[in-house]
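In the two assemblies presented below, chain A is common to both, partnered first by chain B and then by chain C.
Our next item is the complex of A and B:
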């Protein structure tokens, strides 16, 4: 680390991150209401866009990989997302048999 | 560990210069991991129950895309301006930092205003937290996020006051950086609320 925080006079990284976030948000909106895809395809599409945008925030705005503990931070967040997927997908899957 | 150069490293941004600050920031990342797990349980509950609307309104009856987009854009922009605040901090521009933090606060307050109006609107339509399993899990999930944003507004206000009193120190810089992590994280959670609650609710 250390190399990327000096000498930058214009926040390119942030502006690119912001524009990409807007693009992903409106793309999700378009997929949901104007794409004419089947419901299942819409759901897969917008979830993929949401995950992309979350990763974008982590790297472009939160600098998850920076500092000496960047590796630990990244593994920690990856693991928490793994837990989140297990909890959410596992609950939906299990309850699909009940409801 | 005993290496003093490592203990106070001049080449790092101000918020990383002391061992204590570095550990505080790492600790906050671990807290955010726990927050992900917390919100995962709320999302799981909501996604299992959101079609259980009883005699109350359904997602399609209730949600209005225009209001949701306003909230989404306010929070997304506030995440961007919060990033600019940290950018200005790393250039050692106190005024720039304060201005962007203030803009972030105002956008956050705007988000909360719209969210409260949305909730009041729902309650007037007879959609309360007691109406159905869908609405119980909806208000708990979205309300927990809103409570986090409200807390963030208070926290950031206190840090602005401290910056005005003390200026840049390794300690205030670390505090600004940590509140920025918290703020970006709230936007990450909102992306999933936008997608899994609102868009999904209007599509299905």
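Our next item is the complex of A and C:
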């Protein structure tokens, strides 16, 4: 915990984060089921919304800015993104010949 | 289900195993009752959250599993010694190589390494326990029940038989209809959860609980390798978790993720398995590098050469380990671009590994070398591992791999890296840190007997396999005809395997002998060590350090000794020590996991659901647990410290 961190009496941050998460989730649902867009556009839309929500949750719920080990957190997240890309893109690339 | 389907029947070897299992169980119950040890077992071991005791239990389990996996290996060698042997039929052989591989990697190598890291890491960083002692107990018990669940498969329900890689479509319902591969999916899942939690636990421990003054670049090399290993565990194991979950769905609920029909992708299993599987081999080899670094530097009486280069090369290996997995299936047909990429990344791993080899050699250079058993294992590691590494580079060439793939050349290669790397390291670490665990030294003479028997046996067993591979013998074949000319080398290999078995027996005898007659370690520093674990008494007081040491340099304890003071405890500075309370819940939750797993294996969902309710109940009870641990009084600390001669 940072030295200048103080506890809020009411968890506004969490409430706002929760509502925004709900909005983003329902937006994704709407895009997928009722927007009538092309499949590609739907995929792009929900991926963008998912990334937005991940970032939102990192700041609203995961206290990414409040810890004193910021460097470790940054390296950790960068590495996570790297691994995620390796696993997903790498699998698609290596499996492309059977797809 | 009939009883004759529930129990495996029809094989004399299986009946013999049944009898020995029942006799062993009766024996254990009898001994515990006769010596009135049930209470001791519960209070001292089953409920413990002490990282040292958990480490000891990990190592005991690992040695037991080494026995199981070793017996599997000897059965395979017996079958392959002569052509057209009728000792094992093909199905039985399939089961045995499957359990051999799975057990040796996941239930022998992993727990041995995790056991050593449990015992050593908190001591090396000057901490009193791990970050989450309760979680640590859960980790151990989940591993343990996972291992037990996997181990009963061969007598109850039928053993998994699709290889330790469990490739689809063979491992799917269509070709493996029995419960055997359900065991694989469920047991690995349960112990995998335990491993994942260990990774998180030790990452936090190392990042947050180091003694004052111990910067990252002053950490002992073993701790460094464990830190990086934890990162690998945290990023690699979720892939296994997901892959196993999909496998479980395919097998229990007839989903079609990896099937041949209905849009399933059987090769995706191989892909996911090795995305986890390749980092996994670094999870067991990096800590081994750490152990060798500690042992070599201690017994050469020199600071580790190229500490920084060592750290960077570990990080480099860890990074590369995630982008090489396709080399396990070059022959799957992914095409030139994919194979070339993974071929190059694989060869690149040889660079940081080579850096490390040279660092050890330069640490030895002009060192005052003492040839203890731990040191012998470490010295033997270097040439043997290099043989494994060089043949690894040969396998890394995708075009050439079409020749080597799944031949005995590959078998020889990965045994050379895994045995000469991990198993040698486990034995080196066991000898080296044994005084810290039990307060006495493992007998050196018997230790050297084990070393020579095992090391020579290992080379006699596996070196011929390179040639068998080049002669065309492929892995997993249960017999061969006489005309192929493979018989002489197979006989040689079996002789080597027998020598390794004898070496293992000598090791077990050594454990017994040393407990009875072994030299007690009164100093706490029998090897003239360099790192903080040697500043404690042997065996270590359960709070580890009466006063948390201050670290001024790498090789902290060595510097303390050099400055003439050693690690002195100022009794004035003692404060009550806060320790976590024991809890039986990790053990009980894990028992529930066992029954849930058993229910899933046999599709007895009522049992699985009831057991799952107990698991959730355990979690709820933990949430409302307000036991904050207890304090050890200053008087008690003084008494303990004076007893061990560390106090003033």
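In this section, the second predicted complex is superposed on the first by the 93 of 99 C-alpha atoms of A that agree within 3 Å, B and C clash if a C-alpha of one lies under 4 Å from a C-alpha of the other, contacts with A are read in each partner's own complex, and residues count from 1 in each chain.
Definition applied: a contact is a pair of C-beta atoms (placed from the backbone, for glycine too) under 8 Å apart; a residue touches a chain by one contact, two chains touch by 3 or more.
Everything numeric here is computed off the predicted structure, so don't read it as measured data.
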**OP:** Scan A:43 for contacts with chain B and chain C and give back first, second, both or neither.
**Re:** first
**OP:** Look at A:91 in the shared chain and tell me whether it touches chain B only, chain C only, both, or neither; answer first, second, both or neither.
**Re:** both
**OP:** Considering only the touch criterion stated at the top, classify A:62 as touching first (chain B), second (chain C), both, or neither.
**Re:** first
**OP:** Count the residues of chain A touched by chain B and by chain C, then name the partner with the higher count.
**Re:** B
**OP:** Check whether A:79 is in contact with chain B, with chain C, with both or with neither, and answer first, second, both or neither.
**Re:** both
Original post:
Once the two structures are fitted together, what part of chain A is touched by chain B and by chain C alike?
Top reply: 69, 72, 79-80, 83, 87, 90-91, 95
Subject >> Touch list for chain C against partner chain A, complex >> reply: 207, 231, 235, 239, 265, 267-268, 271-272, 275, 322-323, 325-326, 333-335, 338
Subject >> In the complex, chain B residues that touch chain A >> reply: 11-13, 16, 22, 25-26, 29-30, 32-34, 36-37, 39-41, 43-45, 47-48, 51-52, 65, 69, 72-73, 76-77, 79-80, 82-84, 87, 90-91, 180-181, 184-185, 187-188, 191-192, 194-196, 199-200, 202-204
Subject >> Residue numbers on chain A that touch chain B, as the complex places them >> reply: 1-2, 5, 8-9, 11, 14, 17-18, 21-22, 25, 28-29, 32-33, 39, 42-43, 46-47, 49-50, 53-54, 57-58, 60-62, 64, 67-69, 72-73, 76-77, 79-81, 83-85, 87-88, 90-92, 95, 99
Original post:
Which residues of chain A touch chain C in the complex?
Top reply: 69, 72, 79-80, 83, 86-87, 90-91, 93-98
